[in-house]
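Below are structures written as structure tokens.
Note that chain A is present in both complexes that follow, paired respectively with chain B and with chain C.
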Partner chain A sequence: MDFVPIMSTLKRHKTAAALIALEIALSCAIVANAVFVIRERLDRMSQPSGIVVTELIQIELEGIGRAGSEPSTRDEDMAALRAIPGVRSVAATNQVPYGMSSWNTSVNLEPDQMQPILNGASFYGSEDLLETLGLRLVSGRGLEPDEYQQYEALVERGAEGAVPSVVITASMAGRLFPDGDAVGRTVYVWSDQPTRIVGVVEHLQRPGDYFGPSDREYSMLLPVTAPMEYGDRYVLRVDPERREEILAGAVDALLEIEPDRIVSEESTTTIEQLREEFFQQDRAMAWLLVAVCVALLAVTAAGIVGLASFWVQQRSRQIGVRRAVGATRGQILRYFQTENFLLATIGIVLGMALAYAINALLMERYELARLPWQFLPIGAVTVWLLGQLAVLGPALRASAVPPAVATRSV
Partner chain B sequence: MLRYYFSLALRSFRRSRVLTALMVLAIALGIGSSMTTLTVFHVLSGDPLPGKSDKLYYPQLDAESMVGYVPGQEPQNQLTRFDAEALLAAGRADRQALLTAGRVAVEPQSAEPAPFHADTRYTSADFFPMFDVPFRFGQGWSGVEDERRARVVVISEALNDRLFGGENSVGRTLRLDQIDFRIVGVLDHWRPHVRFYDLTAIDRFGGAEEIFLPFSTSRDLGLSRSGSITCWDSTGTDPTGLNAPCVWMQFWVQLDSPRKAHEYRTFLENYSEEQRAAGRFERPTNVRLRNLTEWLDHNRVVPSDVRLQTWLAFGFLAVCLLNTIGLLLAKFMRRSGEIGVRRALGAARRTIFFQFIVEAGVVGVAGGLLGLGLALLGLWTVRQQPASYAQLAEIDGLMLATTLVLALAASLLAGVLPAWRACQVTPAIQLKSQ
Partner chain C sequence: MLHMQNISKVYRTELVETHALRNFDIHVREGEFLAVTGPSGSGKTTFLNIAGLLEEITSGTYRLDGEEVQSLNDNQRSRLRNEKIGFIFQGFNLIPDLNLFDNVDVPLRYRRMPAAERRRRIETALERVGLASRMRHYPAELSGGQQQRAAIARALAGEPRLLLADEPTGNLDSQMAREVLELLEDINAQGATIVMVTHDQELAARAQRNVHIVDGQPSDLELGPVPLVRPAAELRQV
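Entry: the complex of A and B
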């Protein structure tokens, strides 16, 4: 196909051609960025949590009187929960991934360090926590029952209080000791007393959403019981098929032990439900972006169809003349297809530059990452295909113009 | 003349129905999406206390130890209990209140409803007049009751409906955490769109608490606190103790003139210096005193997703407009012959331009009306979303007017170029080619 006659035709319709190219450019740029944001959200949702999400349920309850004023029924509670058929393992904890409340502390390599290395989430609870959450130990060991101390007693000892052992995530180990094995090394996470790392787990997402992506898995398990002040929080690892039934039974069993308690409705649920709620906003945003992309592409396609139809109509005499002097239908068809291809290409080139400009703006304002170049060919191919699809109708109509039109006077 | 142009426009629409429908739909989609997001943005970025937001200030002090010190960095976003109580006692502002979040168990006197936990605000007397909190029955408590650690409580309209069927419950008893409190006030409907007085909460758009009681009483009784707390040293047994190295209190002051604000800043600096001299503060003096508007800005109250959506919608509108310009241009230029005849018969360029801009305007109004419908539909969809700010997404008169103006302006803007090109048509060439 010869580009020259097409270019000279487009030059005679500069404004319209420029408009359509600009429209293609703008939608191309927006779609590239939107698809990028969608992928980022999907990535976020598919990050490993480290826990066996589908097997876990959480129960949270609190006494009616002032916190900690009554004797704790925790041991009795846990024994009752373990006795429920279908329950595989039970642990007390102060927080769970995807939960709302979070406990965080700075982690140091020296006592009295002036600039903490990182801030990590501290999981307290009971000795079966690692096993109940289904964490995968990659080196060292878990926490031993005899290492556990009561939170309140520990706090009472003030600066003297010491936590001898800790299990951390591989992510935190990599940040603290980039050069090698963390097991056996010392960190400072409680007062100024040393704590020895005894084990490393593969993954454990921290609760909440206040820390950046690089800090997402800075979590550790400390051999400290869950504080009494905020009531009791239990995680149960159960048969996934029977989660709902066990949840109801477990609440009844606990209220039988001590009826003067209030069960927190929003927290007493499956971890899968918590996860669902945690990502609700991301999911809604991703769907919204999908909708906008579809609408944008539809509008752009409509614009191409409208303009191409107009051009076909305007040039029907020329088309007739060309057909009369021997052009085949295929050649007419390809003429309009090539024209559209050219316009789309100009739009794409402009759009790519614009996409990077928009991305730069988003990076500055919304802490978005740089747009990877792989998105550009995807955007280009999409727009080319869309253009060709949109122009097909008008181009077919053009190729159907009979040569006789040339001889007819208007 | 206008009516004639109007009928010409309608005739032209009838001639090319699909093209016209496409243009109207494009404008409607663009307007609908941008108005939906703009309304959400407008609601969330609105001033929670119009007329007062430049008089309310949020003091910040740098009470932390030298660990992690970076010169000039932003101080903590809350105060220690010691400092909040000291500033309250100093009473240097026109009004001042300390506040923090808590949670208490409510035991209704009847069997129904069953006991439940309610979000509570522990605060001091000035909270109610300072934030213009409306009362249905009774009133807030006074400074005397703060001092006496009185067991008084103010409840929300919703809680009063739930517990007392909406009756005047002032003087009645409310049992909280197994302790009897006397109700002194019931709020009227009060739903600030953002919980502006405490931005540390995870959910800033969930509305105000159900129960308000004196902070002094809450400490006296050891009621449990909730919300964010940050400690930088070994806390001892109680992180909520008077001398604990923890920040967990918000503090607001009302300063009626810029001069007073300036004086208060000086007072804060002096206070900070004194504390350093006394050995309580380790860091160099680093105070902040932002007013409510500045504080909301600083905390980026409008969620970044909402801002991103607004940008996105306006990008979409731009594409829709480009689309409309292209289609209008095509449509107008197709009528070059007609324009040529009109020009030859003596129509001025201005007249032609006017005729076509009217046609563009009609497309715009139709698109705008349809867009308004789409925006209402869009806002309804937003309200079905789980985020707590979603339910606030209602259109108001201002946004309604903005929608129509935006639609008309957009379509006239889209019409300018095509209409201008149309009036440039030279009659001679058109007539010749006939």
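Entry: the complex of A and C
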């Protein structure tokens, strides 16, 4: 191809060529980093929660005054909720994935351990919780009804209080016992009394967003009732098509049992809605970066179109001469495309170095991960394609310059 | 070599229709050195553009080196220009961003010739016009006469059968004009057919044959007012 004469021509137009190459470099660097951040956000949003998001609704009743929060009322509440048509399962719980409040505890392998192995989210509630959330048990068993204890009674017993069994996530099991099966092993999650792991579920995302990605699924289900002090929270597994209708009916049913309770409007919603809100910032960031990329690429494309149009206009006579001495339209088209390809390549090489520099800055300031090298070809191909697309119009105009231009007097 | 019969060329705009050539007949034999003269706007350049396949005819028949060209598509015309025709322009039309070597290389690259063969031809052509020592110079670093010689080298490198020159000495002083003309005569003596458009009667007088164009029609073919058919050897002594 005509690399040598084109490079020779570009050397004679250093300033314009350098400016456009720098613009391309900047676009390439920013696009590579932006695509990486977008990918990270999308990855975060696509992580499994372990629960049947589209089948769940949550009802939260504030604990003010505690009226209607006696255990007997909770049983009555759950019986009333189970009676609503379309409800498949009901459980009480202290928290749900995608909720913003969370209960967490240290997990140790020895009593009196100074440094906990990890910090995990503790799900309390009722015996139907595992089934209602739709968790998949991968080994062992779930929690039995006779294992459940009142939270308040346990707290009252202080150091003597013991929780005999726990179901943990596979992620937590892998962290605690990387060498083998966790079922049957002992952990210390409640005072200094041992707790036996009886089952492992595939996934259960912990609530809130306070821990890093590696701790995202450090969750466990304990056979402890939800604390009454903080009100009642029920999670219902229902027919997905009837979620809104059941939600309204369930609130009415609960208020009929005890009218003085305060229903938290914010938290009484579908889990899908909670999920939407949970990832709102991630979505906003992803869209913002998409907009930045589009704007940046548009400006770069406009720069390429502008420079290429100027060069076509400036060189229309020499294009005519090239046509006169035998260049086909296709060869003129390819000349400008090759020229753009070379400029883009120079820009991409600079852009890759710049991409790592920007990434290093983001790593230092915002704890972003290292940019994987695979994102550089994405930036490069994007910029190459953009360049070729942007130069196509001016290049087609160039190829349409008639050869007779060569003999026209200036 | 070049045979035009009943050629007409009409330029049309929304308001005006201009007949640049009408009922134009001409036959140029292989090895001839033909000068085409005529007043401004007579159709000289249109004739040259059509002869060089830079423009298409409106009607008529044009055969170049035995091949009918009016039915060729744009790519075929480009290929024919590249292989059979060399152009020399009044304004030299060298590419300012390329040195002489790369300028002469331009038509050869379009022919997809191997690099070694291109290099041989470029060096030979620049040697022939006396610019072998300037092949890394850019056009702006040369005089007008040198630029025109470089343009001739570009035309020669493709070893064309037909050389079309459009006022080749129009931008040169008399000394340089003489040098360029001698070069063209020398090239003609080696067998190339040359068609030169000029308004310079003195220059035209040195060609073997004159054609005068007025209002888009040629006259005085072969028996023109100043017919000059002299042996090439004699021409070189002038």
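Note that in this section the second predicted complex is superposed on the first by the 401 of 410 C-alpha atoms of A that agree within 3 Å, B and C clash if a C-alpha of one lies under 4 Å from a C-alpha of the other, contacts with A are read in each partner's own complex, and residues count from 1 in each chain.
Rule of thumb we're sticking to: a residue touches a chain if its C-beta (ideal position, glycine included) is under 8 Å from a C-beta of that chain, and two chains touch if they have at least 3 such contacts.
Please read these numbers as outputs of a predicted model, since none were measured by experiment.
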{"item": "Contacts of A:15 with chain B and chain C, given as first, second, both or neither", "value": "first"}
{"item": "First (chain B), second (chain C), both or neither touched by A:327", "value": "second"}
{"item": "First, second, both or neither for A:402, with chain B first and chain C second", "value": "second"}
{"item": "Chain C versus chain B, contacts on chain A by residue", "value": "B"}
{"item": "Partner chain(s) touched by A:185 [first = chain B, second = chain C, both, neither]", "value": "neither"}
{"item": "Chain B versus chain C as contact partner of A:281, first or second or both or neither", "value": "first"}
{"item": "Chain A residues contacted in one complex by chain B, in the other by chain C", "value": "410"}
{"item": "Chain B to chain A touching residues, read off their complex", "value": "19, 22, 25-26, 29, 33, 66-69, 105, 107, 115-117, 177-178, 202, 221-224, 234-237, 304-305, 307-309, 312-313, 315-316, 318-320, 322-323, 325-327, 329-331, 333-334, 385-387, 417, 421, 434"}
{"item": "Complex contacts: residues of chain A adjacent to chain B", "value": "15-16, 19-20, 22-23, 26-27, 30, 34, 37, 62-67, 100, 106, 112-116, 152, 155-156, 158-159, 191, 208, 229-230, 262, 264, 277, 280-281, 284-285, 288-289, 292, 295-296, 299-300, 302-303, 306-307, 309-311, 313-314, 358, 362, 365-366, 410"}
{"item": "Sites on chain A touched by chain C in the complex", "value": "2, 4-5, 8-9, 12-13, 317-318, 321-331, 402-404, 406-407, 409-410"}
{"item": "Contact set on chain C toward chain A in their complex", "value": "45, 48-49, 52-55, 74-75, 78-79, 81-83, 87, 89-91, 93, 95-99, 102, 105-107, 109-111, 154, 158, 166"}
